[in-house]
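Shared chain: chain A. Partners: chain B in the first complex, chain C in the second.
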Partner chain A sequence: MTRDFRRRVGVFALSVVLLVLIGLAHQTYPTRNELTAPISHRGDAGAPVDARRFAIEVDRVELARAVNDPESSPDSAEAGPGLVWVVVWATVTATEEPLRIGNPVLLETADGYSFAGDTTMDSPLNGFSVVQEPGLGRYGAFAFEVPRERLSDLSLRVTASGDLDTRLSAQAVVDLGLDAARLEEMLDTAADSVEIAPPEYR
Partner chain B sequence: MPPTDPRPFRYRVTPPPQAPPPRPEPPEAPEPRPAVPRRAPWWRRRHLPSALALLVLLPLGVGVPWWLEREDLLAEGVMAPEAVPVPGTTGSLSGSEWEFRGMVLGETGGFGEPLPDGVELVDAVFLVTPGDASASELLLASCEFLAVDGRGRTWTQTSAYAGRVMPEEVGSTSFGCAGPDAEAIAPGSEQGLVATFLVPEDAVDSLRFEVRADTSDDPEAPRPAAVSFRADSA
Partner chain C sequence: MDILPQGPVARVLAMGGFVGVAGALVLTLWQVGGLEKAPPPAPVPPGTEVRNELFALTVTGPRAVVADDDFETRVQVSGELTSLSKEPVRVSDLNSVFAPKLAPGDAALTTSSLRIRFDRSPERFVTYLQPEVTERVTLSWAAPEGAAAAEAEEVLLAVTGAAYEPGFTDQRLSWWTDNEVLQVVGLPIEQG
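Right after this comes the complex of A and B.
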């Protein structure tokens, strides 16, 4: 085997490796949606989570068999069979410009399920008429109807933007700090009904 | 007859021309040196012309498309126009004359809930006079108000106190700027307008108010423009 032949084999092998690397790099190239996805900031319940364009502080979480929004309907919305309402109370404060919380607001579970926040009521913080103005915190609720067996290690994902275009919008992911044992306990003491009041200034 | 030469005829032999004297041997040429390429000047060795061309073309290559894109976005109204500060209390915008008459604080008129702690209700009062029919239409179609504080925070108009009773002559600012009857303001006539904001108390001292309106009725390129009035100018 001559030296020249070995050199050619080496060049060929290197070319193949480079082609494979180019292919792999191409596979990992982010899609346009990934490039413009919301920018997430993580934090825990009980403390403000700064998502740059807004801040959110989760105050408490309630479980209920029904929710009631007097602004939308005099009747309560009962949870379906095997379901329970998870009501997350939080204060949202825009930082620099008026924002709206985009739908869906998500309640995520440890096993990878996501549940969208209710949009049939007017009063939750993700209602279209609720505008987050800079420096004026709005305290209100997000409501989710969730299967009981999916309740574990919940986190809240909230996205806000200035208009309908949500590309590169701000997003906060808040760990609600509720493990399965705590949620089981809360299920046992779930309220019959929780009233979703319109957001108030804080 | 001409006289003849009595001498016997002889050939005249012309001696051959003398060969030129041999040239002197040129002096011994020096041994030729090995060819050394001429050294380029330093600015060529360092590729200075290419670097300079790159220095000019690269910013142009990036800057020109950026500028063209920015111009398109501004023309389409996708990008907010930069507000031009107005010296004093009067300014021109989209063919209309604007006068800022002042700011009123906390006038809820007894309507609705009392203001929450730390929140201030701000009314910005303007007079506008459209110069012609086109200016009237642009006001009706596109005028809007913003409050901006010294930290750059911006607020849009609030509808929280829209139920207050206002003087009859006050125009509408809900959807564009219109007269009290929600019709276009007549050209040449002066119309009072009130823009209402809820802002944090700590923003009040540094507030300024921006008025935005389209400058063209082309729906594809409305070319909005904006002027800015300092709240303490009136």
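Right after this comes the complex of A and C.
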């Protein structure tokens, strides 16, 4: 009786352990988002970042209190209270097929926040009408409206794909190399308004 | 050690007895109304903040406006909206979290016709809410064809909880309603 009882307790304990292990194994199962996430390539501003299907080279970053896109509106868009426009100028070159830059283009901060690039203007590189033809570099801007207090160690995340389906598309993450001190300095000298010119071939 | 009886007949009887008791309990619960859905909260006037997993919203009102906007008649509600996500949220992800109705008559507005404009730049067509940025917004939904909008006296805007889950056909994660009504705001309608 006692041996039988002890064996049952042993089986019960083993079952509990196995159930917990199954639960833990299930936790590690990748979600659909993780299975089909874009394939990311990292690099720094100032040099081309090769994301296989396209390359991106960030040229400079500007801060401004307003942006102006003459292609979409004669009025300039003022940044909201406590916000500032971050304009990132870059050259994007598709490698071997026409690509479109997918939305959202993200500006990521050191404390884990990410902001979507503006989609209300026509001229930014993520504008719907902008197609990256292969082999031809297009120089243009991405514009982000970001709270001033979130400005720290910014990086740009750009995804491009041949159609609207962005699963497993190519992605570049570019460290903009701007620490808090440099951004503070840029805030002090922020332009009143920056014109977002339509992309041009380079 | 065995709790259950050994004989097959006794086992069937024990099982039957258990099912009978459980069934009777559920039946009693149903009879006294315990399986009814909880009634939605009573409508509150504008001004109270409602907070779910996705955003904090204070409908400021004080009235809903039925007005022409881009070639269609839309029902507009003003408020103050803050996304609580650390990532940008697509405005279309908010569709199912709002359930606006016209009263009297209970005509539901199409949830997928939701559009958000920032009051500081009403000409811009907002597609993303940025993380933890509070904006004064106008939410609007297409008004139904016919007399329903012209005769309605009140908008009842139900706000539900939100959950970040895989979709049914598209298994990728996005925001969906959890079907729990957190707040119903009642706003008198002003014909604009």
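Keep in mind that, in the parts below, the second predicted complex is superposed on the first by the 179 of 202 C-alpha atoms of A that agree within 3 Å, B and C clash if a C-alpha of one lies under 4 Å from a C-alpha of the other, contacts with A are read in each partner's own complex, and residues count from 1 in each chain.
Everything below uses one rule, namely that a residue touches a chain if its C-beta (ideal position, glycine included) is under 8 Å from a C-beta of that chain, and two chains touch if they have at least 3 such contacts.
In this text, all values refer to a predicted model and were calculated from it rather than measured experimentally.
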| item | value |
| --- | --- |
| Touched partner set for A:Arg52, first chain B, second chain C, both or neither | neither |
| Touched partner set for A:Arg7, first chain B, second chain C, both or neither | neither |
| Touching partner for A:Arg60 - first (chain B), second (chain C), both, neither | neither |
| First, second, both or neither for A:Gly112, with chain B first and chain C second | second |
| Chain B versus chain C as contact partner of A:Gly80, first or second or both or neither | second |
| Partner chain(s) touched by A:Glu200 [first = chain B, second = chain C, both, neither] | first |
| Which superposed partner A:Glu96 touches (first chain B, second chain C, both, neither) | first |
| Which superposed partner A:Pro134 touches (first chain B, second chain C, both, neither) | first |
| Which of chain B and chain C A:Pro104 touches, first, second, both or neither | second |
| Superposition-derived comparison: chain B or chain C, residues of chain A touched | C |
| Residues on chain B engaged by chain A in the complex (per definition of touch) | 116, 118-119, 152-156, 158, 198-200, 202-203 |
| Chain B-touching residues of chain A, taken from the complex the two chains share | 95-98, 131, 133-136, 200-202 |
| Residues on chain A engaged by chain C in the complex (per definition of touch) | 1, 4-5, 8, 31-33, 36, 73, 75, 77-78, 80, 83, 103-104, 106, 112-116, 119-120, 145-147 |
| Chain A partner contacts - residues on chain C that touch it in the complex | 1, 86-88, 90, 118, 120-121, 123-128, 130-133, 135, 166, 171-173 |
